[in-house]
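Please go over the structures that come below.
Two complexes come next, and they have one chain in common, chain A, joined by chain B in the first and chain C in the second.
Let's look at the complex of A and B:
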């Protein structure tokens, strides 16, 4: 029997120390480049933030494992993480801290109000800011040179969603005529509702009512009751995760079964956690949202990494993964961690090695013009792509009843 | 206009939520009736109780409805201890000091929870969380129905305790005339602490009834304490029947104004009532004349 004594422990500690120090010694020649990753990982939006961070981590690990930024002598990318605490103030205070730590660029934000405030704060220090999700079109409409949005804004998503809804409805012999819009009362949901109110009536849909609710909401009974009273053909919800789960479960509880639930940029409708935990409430819910390109071989690899340890596949992960790769490509071409040079390289980006269904990147006034949403539907415990037809893997089930 | 069954559903929802509001207000009104101070730590204590239910469920796998039998005595003991050994000594016999001490306690509790659990919103998932009972055209949520019945049972027990036990008589005596009660041999410090303990125990029960359908974060108590305060004012400060009736009224008002004015404005009705009561009937529905 061996006994553990002081010498054994010292020997072990020395070996561990050497192991930890070794990679640092090998790569000591190129200083690391600090990248700010901003996500809300506490508060109402914590789940989205965690999955966004996961995507960024996967990308950073991949880049570093492949030898870092080659034009800068293999410089590694180092994450400076900031918790936006699910509110704009949290976002801006983390931007200030990241400025203090000397980040070269910031990726993330998730919710529109957080992105609006934190990209503005970043612009004061000329820090390039890549918005991962925030869909409010004000984000790229302010003329901020530092702000880039890789994904689609809600103007784009809504028009695609409406286009596809009309196709869907025509194919079903115009099954749906009446609509109730349910939206969270913040920047994202309220903006969405306003767009829908102007765009749906000319296409033959009658909007019976637009119901707002706050985030977080503790009870959706009243919203469900109103839907039951109005008895619409179609419910269009734009809410974050917890509220939509609550609403769909309350609708199930109250036996409210419209012909379709057609979500737009919903926080839950294309979320595997929702589908796995509440399969009955989730079944046949449609969504028009961000979604990774299933045709790209790298998508499956990232998905496998993301799903390790019982986690779920949410759009936040591929979006943030792609945004970090986009940034790394810009740094590679800039050959420098200088913020101005990175901003220029981003503005001129034609990056196409991402896993979103977008094609080559092209920024006009900060907006990636190729960005496009995808229509999905929950079918028997799986999330299927129903539009665009180029890579749809299922036919839409509509009307659902 | 909305159909009758929608109105009835909202009414039933309001009554069921209102019963839990009443339970939360019971503790507040009891402490006010006896100690003649507003317990500012009421909301924070409720938050702490809700986190206790969360821990009981996630760590020990204890169902919220079983946790009630553990947490109620625990919170009674906590309430008793805090009043007897912290609030009372710190107040130095001056009632207005109690106000400040409870305010300080609420800040300590809230921030301790914030440090321990961060600001995340959490909930627990129980199999019966979304079960319903069908009554005609109405689908009543099972956990809410349980909460409704349980709240009435607790109110009844509390009333029996106050009306028919020696402790209850002592509590009422202290509430009416502290010095007189002390002269007749009632241990006033002990009765104060028992009252505080009862208030905390009511909150523990409310937390167990709320958690199956509700969420918790370190600031959640504030949302309830404002409502509870309105109920206490509406029902009459210190009145148990007032808290019960006031709770039901506020629950219904909140539910119906949510239905007719929308979720974002749902609480407007409550605060309108608060202002109107203060203007026209400051003693409340069941309050004694000042």
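Let's look at the complex of A and C:
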């Protein structure tokens, strides 16, 4: 019989110690630069937060594997992760903790309220803050020098969405005339509905009804039945993931088939989880949202890495991946982990090695002017780009019936 | 009975005021300031719920009114925050009086009163979410203007001390209240409203006074919240989270006691913070939310083994230490 004695334990402990210490020895060349990654990984937004973190991780691993920040003697980037808990307090308290740990910059936030509060908290310490998703136009409209948004804002996305909708409809011989708008009653859904109500009628669309629903909602049958009664050509939904999935499944069950479902900034229609789990309900749904550039060879690599272990490809991952690369480029050019220098380098950034369809970055008051959304459509289990036409990899199928 | 009844309050407040001199970490200061805001909201709840026995499930209505008033008076009317704060508190008191008048006059008690307050909070939340004046779903953003005259402090300690001043004032107020005729009436209403009325207590007036005071205090918590985060939307101001915090803290700390809300808020938030940090270090953030699970279990244990709150538990231990005498 073998028993565990003192020596075995000591041997085991020594081996474990060596294992833990080994990477430290390899890394000991230049002091690591701490990067704060802020995402909501608990609470209502946990799915988005997880995929955002994934993107940041992929980027950090890639940078470190390629030799770190060269202008600083190959300094590694070290992640300081913070869970924003899907609310602004959570985000702010994590910013305070990151400040305590001495991060050089912070990337993330996801939801607009979290970004608004945490970028403000970061501005008190002059920590450069790169917003990954938050679309509220207030984020970059406040004159905070430390805050940058790589992706497009709300105004930009909606005007692009309306423009492309008109193009799409004209190409189909004005197939759609009547519209029902379904939106969540929070920041982006309500704002978008208001904008659509003023923008669509002059462009020849008749809005039959605007239906608001709260987040979370666990039953969409009433909304679906109302849509059936109104029988619109087009349904324009703007909701978070779970509610839209519910709505589209209910519509499928009730055999409600409008000529098109044209989502704007929708949580589900640019999400491979939805496409894989409910292929029939998802088929031919269109969305105007953030999406990675399919032309760039690195997009496929990042997608392959992200999909390891049964995960899905969501826009959060390429956005956060690109934001971290953008930051690394700024640190490289600043040649320093000094926050002021990184902020300056970000403001002067012309970074183009990201995987979003934006071109080189150019920040005006913190907003990346080249940022633009993309129109996608779910086609036979895949998400295809249908607009802009320069890099569309499919033609829009519209009307769908 | 101590001859200097305010001595314990003074000691606790001085102790809390000295904390930032030793603990300079911003994380700790941030935590302390937030704990003081929750303490204020909870103290407001405690006066109505703990002393008066009227359990409100919708104290968010006062918190949110204070918070929104503070923000909108500054943003829409250009009023200085130091002036906006008393106005916002007065508005909170007014909303308290209105809700109290409507529900107490209709003789709503117990779970019915709880449900009505919950409904009011929801109505306010949905209205604030829809109304353009409150910024609708986009919320209100108070411009960042650091300076004591704008009640935005570069030094986090000042913000904490301001909140602590409010907490000290409400501690003293609650203590005075518990020893006053009004306080005695309030407790009498809590214990048996019919009996109290038979003895000549005007139950409606007593309850109205309590909810008005409660509204003002909880509104002050909302004001400080606005100045701390400078951003509000309907779910932050009127969402159920603050109703729950405001009633959990006194229940955990000790219902109807002067220090209950303070102890409860510090224990509740402290526990949350400690489990979060401990598990983040332990698992490296690999299992998100595991700290919340532990937090929930600790909360259940706390309620199961300390039904009279942390203060009740401490008193029990002290009594045992002194040796139970017949």
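Here are some notes:
Operating definition for what follows: the second predicted complex is superposed on the first by the 376 of 401 C-alpha atoms of A that agree within 3 Å, B and C clash if a C-alpha of one lies under 4 Å from a C-alpha of the other, contacts with A are read in each partner's own complex, and residues count from 1 in each chain.
The rule is short, and it goes like this: contacts are C-beta pairs under 8 Å (C-beta built on N, C-alpha and C of every residue); 3 or more make two chains touch, one makes a residue touch a chain.
Only a predicted model underlies this, so the values are computations on that prediction, with no experimental measurement involved.
Applying the stated contact rule after C-alpha superposition, one finds that A:89 touches chain C and leaves chain B untouched.
Once the two complexes are laid over each other on the shared chain, residue contacts for A:221 go to chain B alone; chain C is not touched. Look at A:189: by the touch rule set out above, it reaches chain C but stays clear of chain B. Once the two complexes are laid over each other on the shared chain, residue contacts for A:202 go to neither chain B nor chain C.
Legend: residue contacts after superposition of the two complexes on their common chain; A:138 is shown touching chain C, with no touch to chain B.
In the superposed model, A:81 lies in contact with chain C only, and not with chain B.
Of the two partner chains, chain C is the only one touched by A:120; chain B is not. Residue contacts after overlaying the shared chain place A:46 against chain B and chain C alike.
The intersection of chain A residues touching chain B with those touching chain C, taken from the two complexes, comprises 42, 46, 185.
Remark: chain B residues 2-3, 6, 9-10, 13, 17, 118-121, 123, 125, 130-132, 139, 141, 213-215, 217, 255, 258-259, 262-264, 266 touch chain A in the complex.
Put simply, chain A touches chain B in their complex at residues 42-44, 46, 85-86, 185, 211-214, 216-219, 221-223, 225-226, 228-229, 242, 249-250, 252-255, 277. Listed in rising order, the residues of chain A touching chain C in the complex are 41-42, 46, 49-50, 81, 83, 87-89, 92-93, 96-97, 99-100, 113, 116-117, 120, 123-124, 136, 138, 142, 144, 185-191. Across the interface of their complex, chain A is touched by residues 25-27, 29-31, 34, 129-130, 136-139, 141, 143-144, 146, 154, 229-231, 233, 235-236, 241, 273, 276, 280, 285, 288-289, 292 of chain C.
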